[in-house]
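Structures incoming, each one as C-alpha cells.
Shared between the two complexes below is chain A, which pairs with chain B and chain C, respectively.
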Partner chain A sequence: MNTPPESLKQLQTHFSEAVFSDQRGLIAESVTQQGALSAEQRVGIYRNSVHGILWQYLASLYPVCNQLVGEQFFEGFSDLFIDQHPPTTPFLADYGDGFAAFMREHEAFAKIRWINQVAELEWARHQAWHATNQVVSDFSLLGTLTEEQQLSAQFQLPDSMWVLHSPYAVHQVWLVHQPEDYGGKIPLEEIQLQQDDYIIVWRSERQLQQVQINEQQWQFLSAVRQNKSLAELSEQFQEQVGVLLASAIQHGWIISFRHY
Partner chain B sequence: MEEHSCGIGLRFEHIDRILKEQPNIPWLEVLSDNYLNPDSVQQDYLLSIAELYPLSLHGVGMSIGSVDPFNEDYFSLLKALIDRVNPQRVSDHLCWTAVHGRVTHDLIPLPYTDETIRYVAGRIREAQERLEREIVIENVSSYLQYKQSVMTEWEFFTAVVEEADCGLLLDVNNIYVSAMNHNFDPLDYLHAIPTRRVRQIHLAGYEDRGTHLLDTHGNHVTEPVWDLYAQAVKQLGNIPTLIEWDNDVPELEILLAEADKAGSIQLEHAA
Partner chain C sequence: MSNSKILATAAITSVLALGLTATSGVMAADEKAEMEKCAGVVKAKMNDCGANGHACAGMAKTDGDANEWVKLPKGTCEKLVGGVVLEG
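== the complex of A and B ==
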C-alpha cells in the first residue's frame, strides 16, 4: 500500500487553501524566501495561474456574457465563482455548470436578468457539443406500422437538445455578439429585449445548431419531450400534427421513435 | 531535406484544416483530457486524426503527485482511448493538480524529499499497471521552492523516474524557466538527466514578468531555449520533439515553421 506522506498531505491542503480561498499564510510558511518576491507573492503566482486558466476557460464557454458585462467584470466575477465552486473533476469540460445560477444569486444581475438566460443558452451550447452521439431511426419504417402501432409511437429529441422559452430576446442578443458580420446586424441598444423567444440548441453530427422556433413548434417539442404518443399529439395539435412532425423529423429535432 | 522528428501540439482550432489538407507533420501530441469521452464529437475528430498521424497522448489529469486516490473514471477513459488510438507515448507531469477533490487544472510542484520520491514513484508504477504500458513523466516549471526540499529538482526527477522505471519527457523550456527563477545553471540539470530514459522533448515560449519567467505556452520559443535545446540534442541524440503553443494559438503555418526550426537544430546537432 502506497500511503501518502503526512507532510505532503498538509502541504497540499495548505496550498489549495491559497489557490481557492486566498489564504496564503500557511503555505507561505513552507516556501523558501528567495529573490525579489516574498513567499506569499510566489504562492500568489499559482493562485493567479489557476484562476487565469479557469477564467479563460469560463470566458470561452460564456463569450457573449463576457462581452455583455465587460471583460474586467467577468474576470472578477469568475474569481468569485472559482473560489466558491472550484472544479471537482479532472475533466475541464464538466466545469462551468452553475455559472448561470451563480449569476442569478448575485445582486449585480438583479436588474439584468436576461443576461442569466444568455448564460443558460451558452451553457446549453457547450452541453450540446459534448453530448453523446446517437443513432438516428429510419423514419420510413413508421409507414410500415399498423395504425394502432403508429398511434402508440413516441418520439425522442436528441440528448443534446435544449429547448428554451424566454421572456427576453435571447437569440437575437446572442446573434449580434457573434464575431461574424451579417446583413441586418444591429447594435444591442436597438433590440427590443422584452419579447418572447423560443430557441432550440442541438448537435447534428459535427455541427452545433441553434435556431429560433415559433410558439407552436415549441409546444410540440415540449409535448414530445413529455413522451406523449402520436395519439396524444394528434389530440393536442389536431390537423397540424402531420406538418409539425414531418418538419421536426426533417430538421433533426426528433431523431428516433419507439412503438408498442 | 532529411526527415526530422519534430511535431506540434494538436489544437482544436486547426483540426478541420489538418484533416482537409493533411500537411506533412511527423507526429502530433494531443491533450488527452479533451478527448476522453467515447462516442463524443471530440473523440470522433481524434479518431479521424489518428488515421493520418502518429499520436502522443499528453494529459494533466492524473495528478500523479496528489495525496488523493487516483480518479477511477479518468483512468478507465484514458485506458479506453489508448486502446483506440494506439499512441506512441502517454505522458503526464511530475507534479500534483488536485487535492481533497478540488482540481486546479494547473501544475503544482512537489517537495524534493526521499519520502516524496518513494510515494510518487509508487504512484507512477500504479498508473503504469492500470494503463498496462510505460508512461512518460515531464518536468514542470516552477515559481517557488519548498523549505522541506533536501535535493535539487534534477536529483528528484532522476530518482523518481529510476525508481518508477518510467519514461522521461524533458521540457527544455521548463528547465530554463525554473533555472532563471531559482538561479541554477540549466546545463547542470541537463547533464544529470538519465539519457536512456528520455522519450520526448518539449519546447515552448515563456513570458518575462520582470520578477520571474512565466511558462505561458503563448509565444515563440526564445533564443536561450533554442541554445539549450541544441545542447540537449548533442547530449541525447535525435529525440522526438514537440512545440507546445496553447495560448493565443497562431496559424498552423507558424507552428509548423517552429517545428521545422527545431528539426533543423536536430539534424545539425544530433550525433
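== the complex of A and C ==
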C-alpha cells in the first residue's frame, strides 16, 4: 500500500480539526468560496452534519440522561463530548464510551452525580445488546465429574453481562423514564435516590434483560466473574453457595462451566 | 471431607436438581442455519440493523414497518404475513 502524500495527510488532518473543533482556518484555505457562503461557512456545514449525527446517536444511546437533563442541555453537552472524544473506529456502535466519565468530570454534574450512574447503566445496556452469543453448557455433566474436578470448576457469565453497583437507585430512575408499562415502576417523587443498587444487564437471545439483585447475589456474580473455583466460592459463601449457584444458572446468569 | 467439599458437593446437587441440559436455544457458531433478511414483520425496537434514517439495531419505532428487518432462518420469511425477503 502506498503512503499517502504528505499534502493529503495534511488535508485530512485539517479537515478533521475543522469537524471536531472550531479550527476552520487551515482547511478553509483549501476550499473554494462559492455563492453567498464563505469557505469557512461551507466547511461548517460538514461540522454541523457530523455533530448532528453523533448527537442524535448519543441521544439514542442515553435516552434517560437526555430526558433528565433536557434535550437542549444534552445537545450542548454532546457537542463538547464530540469535540473532545471524536470517533476512533469506523463502527458507530463503538462510539459513546466514556460519556459517563465525561459527565463525572464536568462541573455541571457536580451536585447530581447520580445522572452519570444512569449513563453507565445505559452504556451497559448498549454494550450488552451488541455482545456475541455463546454456547450454553450442559450442566447435567457436572454430575459426571470427579470430586476434584467439581471443586476446580469455574463458571462463566454471558459475555453480554454487566454486573453493576451504584450508590443511587438508578434502576428505579431508569424504569420510571420508560414509556412501556414495566413492572415495579414507582413514581419519581417516591424514589429514595440515595440507596445502594445492584443491577445486572445481559442479553438473552433477542431480549435485553435488566434485573435488580441483592448484595449477596452481586458479590457472588462478581466472584464468578473473577474466575473463582467452586471450592473458593464455597469457602466464601458457605451454606448459601448452593442456592446462589443454582439460582444463577436457572436465571441464565451463568451459562457455562469449565474444570481442570 | 472438609466443610468446603461438603458445600461444593451440595451445590452441585442443587444444580443437578434443576434438571437442565444444553437446550437453552443458543446455537454454536458452526450450527448456525443459513439466514436471510426479512422485512415487514419486526416489532418496534426489535429490528436487526440500521434503516429508516436510524443507525442501530433495536431502534425501529413501529411494529411491522416495511423498511425494518430482522434475520431469520432461510425459508421462514415467506411463511409470514407481511414478510418480504430482502436481498443481501
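Just a few scattered comments:
By definition in this document, the second predicted complex is superposed on the first by the 242 of 260 C-alpha atoms of A that agree within 3 Å, B and C clash if a C-alpha of one lies under 4 Å from a C-alpha of the other, contacts with A are read in each partner's own complex, and residues count from 1 in each chain.
Basically, a contact is a pair of C-beta atoms (placed from the backbone, for glycine too) under 8 Å apart; a residue touches a chain by one contact, two chains touch by 3 or more.
It should be emphasised that the depicted structure is a prediction, and the values quoted were computed from it without experimental measurement.
Steric overlap between chain B and chain C is present once the structures are superposed on chain A.
By the document's definition of touching, both partners, chain B and chain C, reach A:Trp129. Once the two complexes are overlaid on the shared chain, A:Val241 sits against chain C while remaining clear of chain B.
When both complexes are overlaid on chain A, the residue A:Arg206 reaches chain B and chain C alike. When the shared chain is aligned, chain C comes close enough to touch A:Leu142, but chain B does not. When the two structures are aligned on the shared chain, A:Gly76 is found in touch with neither chain B nor chain C. By the document's definition of touching, neither partner reaches A:Pro63: not chain B, not chain C. Shared contact residues on chain A (touching chain B in one structure, chain C in the other): 53, 57, 92-93, 129-130, 133, 205-206. The touching residues of chain A, when paired with chain C in their complex, are 53, 57, 60, 92-93, 129-130, 133-140, 142-143, 145, 147, 150-151, 205-206, 208, 230-231, 233-235, 238-239, 241-243, 245-246, 249-250, 252, 255.
Residue ranges of chain A in contact with chain B, taken from their complex: 2-5, 7-9, 11-13, 15-16, 19-20, 30-32, 34-37, 39, 41-43, 45-46, 49-50, 53-54, 56-57, 86-93, 129-133, 203, 205-206. In the complex of the two chains, the chain C residues touching chain A come out as 3-5, 7-22, 24-28, 46, 54-59. For chain B in complex with chain A, the residues that touch the partner chain are 33-34, 36-37, 39-42, 44-45, 60-63, 65-67, 71, 73-74, 96-106, 108, 110-111, 113, 115-116, 119, 122-123, 126, 143-148, 181-183, 211-212, 214, 247.
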